[in-house]
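Following this line, the structures themselves.
You will see two complexes here that share chain A, one where it goes with chain B and one where it goes with chain C.
Let's look at the complex of A and B:
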């Protein structure tokens, strides 16, 4: 029983190829964050290792259960992770990780029938690591499956891409997510639709938000700050930048998510300004957005969106996070003498 | 795992199976036949063009017991051993994982041992561009003069990363991207062997989107077979690749060119909601815009679209201005969909910007128009103006000028309230009639002056050239503190107004330095002489500051976010300095 929601044609294809034993040795799963790539990868690992191949992945047998609880010795997830609690977060998957994978790949599976290596965030591989993986990716030892997950396909080497069978997980239609939420989480129709829309078609986010009210709470806080900063003074802006900078130091993805919220907020402003309001993302904030949009010119909005994009890029290129964020906060159009 | 993906299963096993690289395979085959295979070879080429496969075939060919015209037989014990990956004298090395000097030392130590079961020891060093510099250098001697039984084959996708000393020791073979035809031929062979039925049109579409890489094409074919079974038409290919968004792209560019931003935005968002591949939409939109551009410039024949599309484009083309098409094309072309493939933001941004042109485009256009900046003086005005030499009323005596202290040299800052339309703010203090920084050059200095006065830049000798010689001459002269030639090189514009040469500087510091040099009698003299020599006439000099770059211009300074921030926190500007 595949646990991934939606993507029926893709699942049918996978299911068939695994039951017929015609699966590839290396897969590339492409899709936005939280769309279900990780779940699918784990499911694939279960499917090739499952003890009842007829219903693989059954989710019941010992293999499936151990894989699901990340205790299986032959299924390894390699990612950047969040690093140590106090220390800085890891920035990339290095060549050391890949060498370790190569060593393990050359050993026979220990408890299952296949060794499965899942690279979560394959775009974070360093250039050396990616190159080092090439040979193994092309011709791994038998009984090895390598699954690369990425949300930024373009950041991968073309030589990597050409060695993998590519599966794309597209965002699901909102109605499908809403339906799922109503059925499994017994939510109101309206709330479910709202969450589905906010999830941008990524069920992972919608489901965790449905189960955990703090996520929505946090989003509300962040949006409030974003909205306030446009009219606040410099001290607030600087302190915001410094908060976000230290968050980035500890948890890069968390800080990036906040910047993505910024992007969405400003994209909404742009859409409102240009008369395409029905496509805005933060529907629940449309009143505030309209107010803010009225104070800005399209050129300002466009310019600031570019600033956010540049900031994101600068952070990817190891810029000083606090400095980059301060520049962003300063370029924010609007009132700034209040502080 | 008995099942293998197509690109491994159908890896070519002999030279004649290698698709699209006849120039390489023929040469190598010949070399094997004649027994003259080089001892070190370098295979370069994009992904999926057959480098590793060729290397393996070559390894088989040189060791094969019964080669057929230089091709391996694939039947003798050695060939089979290679095919099964257990041939002891074929050493395949992953240079990307084993990239250090130790691995190379390892090779160096072992290469002297004779081949164990074959006649040649073949080292295939794949991804050779990832070898470290030290490793590459340690490899040089071995690569140049290996023992007679060794053959080194280096494979790489990035030859420019390999040391030139390595390259020069190898026989280099460049693998080309495969043509669509070559890919199609190979795919046809595979589909026949695999017993699947793919329509010719589908194959064409596949081969086209593989971008010259056979491995990509084989992967796509396999994916099609896995997804859609054994009978595949062009629709399935389009579905898999997300092609066929012509309608949407057409809508998008139509709205874009007509300036209907909100409709264009909804076109993008509808596509995104329908789960269409935005990268593909982007690509097709750019393609269509290019079509419009070609149509506008009457190049209908070079269009490669279906008839209906061309008709639609012809409908759009006359309604949009060429400038708009070019601008849209530029903005959309710059959109980088590499990273955030699922978010429509980048496309939206480009669309809004393309439609936004009117307001912001005006400012630069105006500035350009206001800066006609004739490089040479108009001959009609010149003679008349030149008849009034030194005694012009507004010309101060040079001595008086030089006596001017720092106060008179003070650069008049453009007042913050002044309209910014003036491109070059001539440094003239309004209250004192004689412009404080005008220099009068002695007219009586040289004979040829009068003769060359009308249209002083000699015929066929542009002012710019003359200016160039002037700068050159002066660059040999070190002034009191600065090199005058260097200062002049920073001078943005030189305008001749009558007998006054107006030098416009981009930076205030340069202007001040120039001023300082001119205040020095020695400097003044040198400049005058040089002017006479290169321009053939003497001029009064006036220095001015270009608009917007002044540094001393409060609004310009205030553009820096840090300064603005400091100002709004209560700071005051005490002093401004150029770096």
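Let's look at the complex of A and C:
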């Protein structure tokens, strides 16, 4: 049984090619974060190693179980922050990782029938690492499968893209995620629907938020600050920018997530302004959103959304995080006492 | 689990498997060692997913059981104990191993055996038997020539071919090639052709020690693993996939100059030259010169002469040494990297070395000499090389002034 939710046509195709032994040796899984790429990759590793090929991946045999519990010696996940010796500050998958994989790939599988290397966040590969991988990617030794996962396909080298079979995982419909949450995580309907809406079609996020209340707790805190900042003075805005700036240097993804939260807040404001309130994501904040929306003109909302997008882009291009965020905080429409 | 054993046995066993304990790893449990009772023995196993080593030590087993514990912690603790009896116990259901020796006691927290990668077993397959000391010689003559850089994984391995009653071991790194031909104790049923990681053979070499009972080697080519069975030690290694370059065509079939030299004299001169070579791109030059006068015993074109070994370091200075030799053919010049020259001279065992050269830009070939006599006492026919070993080194290009 494939554990990935949704994506049925894609799974049917994959299932068929694995059972018939006609699968590719290098795959590229494209899709937004938490949409199920990692789960699918693990499932694929199980499928090629499974001891009962008819039901592969059966999820029951020793191979499937060892892979699922990340104990399998032949299935390796390479990603940022997972490397040896490096702390969470690792920003890229380096050439050292690729060399190690080449070495391992040249050895026969240890306990399974295939070695599977999963690059989680393949866009984080340094250019030299990517180039070093090309040879193995194009013609891996027999019994080796390489799976690249990415949410930013455009950031990969064209030479990498052309060497992989591409599978795209699209966000799932809200209803499907809500159904999944109700059925397998026994949530009540209302909470499930809200999580499904917030998940942007990515079941991984919804499931982890369902299991870990601190995720929603953190979101609430961040949204409180976002909503307050619109009515606060220069001092708070500068201190917010500086906090977020220092977070960015410690945890880029965390800071980006907060900016995306900003983006969604302002998206909701725009929807309310234009009378399409039923589509907003932050349904639990609709009262506050309505209040804020009343204070702003559509033009102001659109302008600020552009500012957020520019800020995200500037950060991706290694702008000084604090300055970029200060510019954003200053462009925030609304009251600015003392300035 | 409850048993007792001697400190020195446990310590030795842990040291044996210790080399297979992973150091850098993506699977943290491979830093553990697996302890399990096996009839009246204690079995220790470790694996780094490339090599797995298992050894058995004598123990009084009262209760069976198994556990994995951090290898380094256990090894260091046991090594620090006095040479006395150690009582090892683990309560059923617990994951803490208790060790008591003399007046020391320790508790080591372990992890379930299920999480440990399975130690590969090779039940049956193609088997071969090799004399341990002959195998050690073969390993030490070949393994150093394997590549250490991983840009071509096959070259980090050693090619092992078994056919009939013979085995051939070969390694190459793009600049040199070492090939050893040896004899098996019993002919193999079908030919075997594998590439082993160089590290595996180094470990086998180390663990063989003074052993005099034959090494058993078993292979299951389909699983890509090979098992070496030594005295109470089993080493299972993954094989390297790929095609090893066809090395036989790299061995020059002819030569213009063949010199036979006393190995120790040549080695000493090469060591001296390497001191200067160190600061001069590592180049050692060899000039092989037939004697100038006709007093040379010119039977079948062979005559005495000398090898001039020199090295030069710009701005530092230079040196030059001479060694007597016996030459067949013309005068010749060749330059080698000092590391390559010293390494091959160091693994040749017998008293004389044969060097075959053609031009300064074609590879030099080193071979041991057949038989035990001193070269000065040899007749013409006895100055032939031994076919058991051949070492080809690419020359360095230098300006010969």
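The rule we apply is simple: the second predicted complex is superposed on the first by the 329 of 339 C-alpha atoms of A that agree within 3 Å, B and C clash if a C-alpha of one lies under 4 Å from a C-alpha of the other, contacts with A are read in each partner's own complex, and residues count from 1 in each chain.
One rule holds for everything that comes next: a residue touches a chain if its C-beta (ideal position, glycine included) is under 8 Å from a C-beta of that chain, and two chains touch if they have at least 3 such contacts.
Keep in mind the model is a prediction, meaning the values are calculated, not measured.
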Clash or fit (per the criteria above) of chain B with chain C on chain A: fit
Touching partner for A:76 - first (chain B), second (chain C), both, neither: second
If touched residues of chain A are counted for chain B and for chain C, the larger one: B
First, second, both or neither for A:170, with chain B first and chain C second: first
Chain B versus chain C as contact partner of A:139, first or second or both or neither: first
First (chain B), second (chain C), both or neither touched by A:111: second
Partner chain in contact with A:283 - chain B first, chain C second, else both or neither: neither
Which of chain B and chain C A:215 touches, first, second, both or neither: neither
Chain B versus chain C as contact partner of A:102, first or second or both or neither: both
Chain B and chain C, minimum CA distance [Å, superposed model]: 6
Common interface residues of chain A - those touching chain B in one complex and chain C in the other: 99, 102, 142-143
Interface residues, chain A side, partner chain C - complex: 69, 71, 73, 76, 82, 84-85, 99, 102-111, 141-143
In the complex with chain A, residue positions of chain B that touch it: 1-5, 7-8, 46-48, 52, 94, 96-97, 99, 126-127, 129-130, 157, 213, 215-216, 219, 222-223, 226-227, 261-262, 265-266, 269, 273, 275, 336-343, 345, 348-349, 352-353, 355-356, 359-360, 561-562, 564-565, 568-569
Chain C to chain A touching residues, read off their complex: 24-27, 29-30, 49-50, 115, 117-118, 120, 150, 153-154, 156, 197, 223-225, 238-242
Touching residues on chain A, where the partner in the complex is chain B: 9, 13, 16-17, 21-25, 30-32, 95, 98-99, 102, 128, 131-136, 138-139, 142-143, 151-155, 158-159, 161-166, 170-171, 173-174, 200, 233-234, 238, 263, 267, 270-271, 274-276, 278-279, 298-299, 302, 305-306, 327, 330-331, 336-337, 339
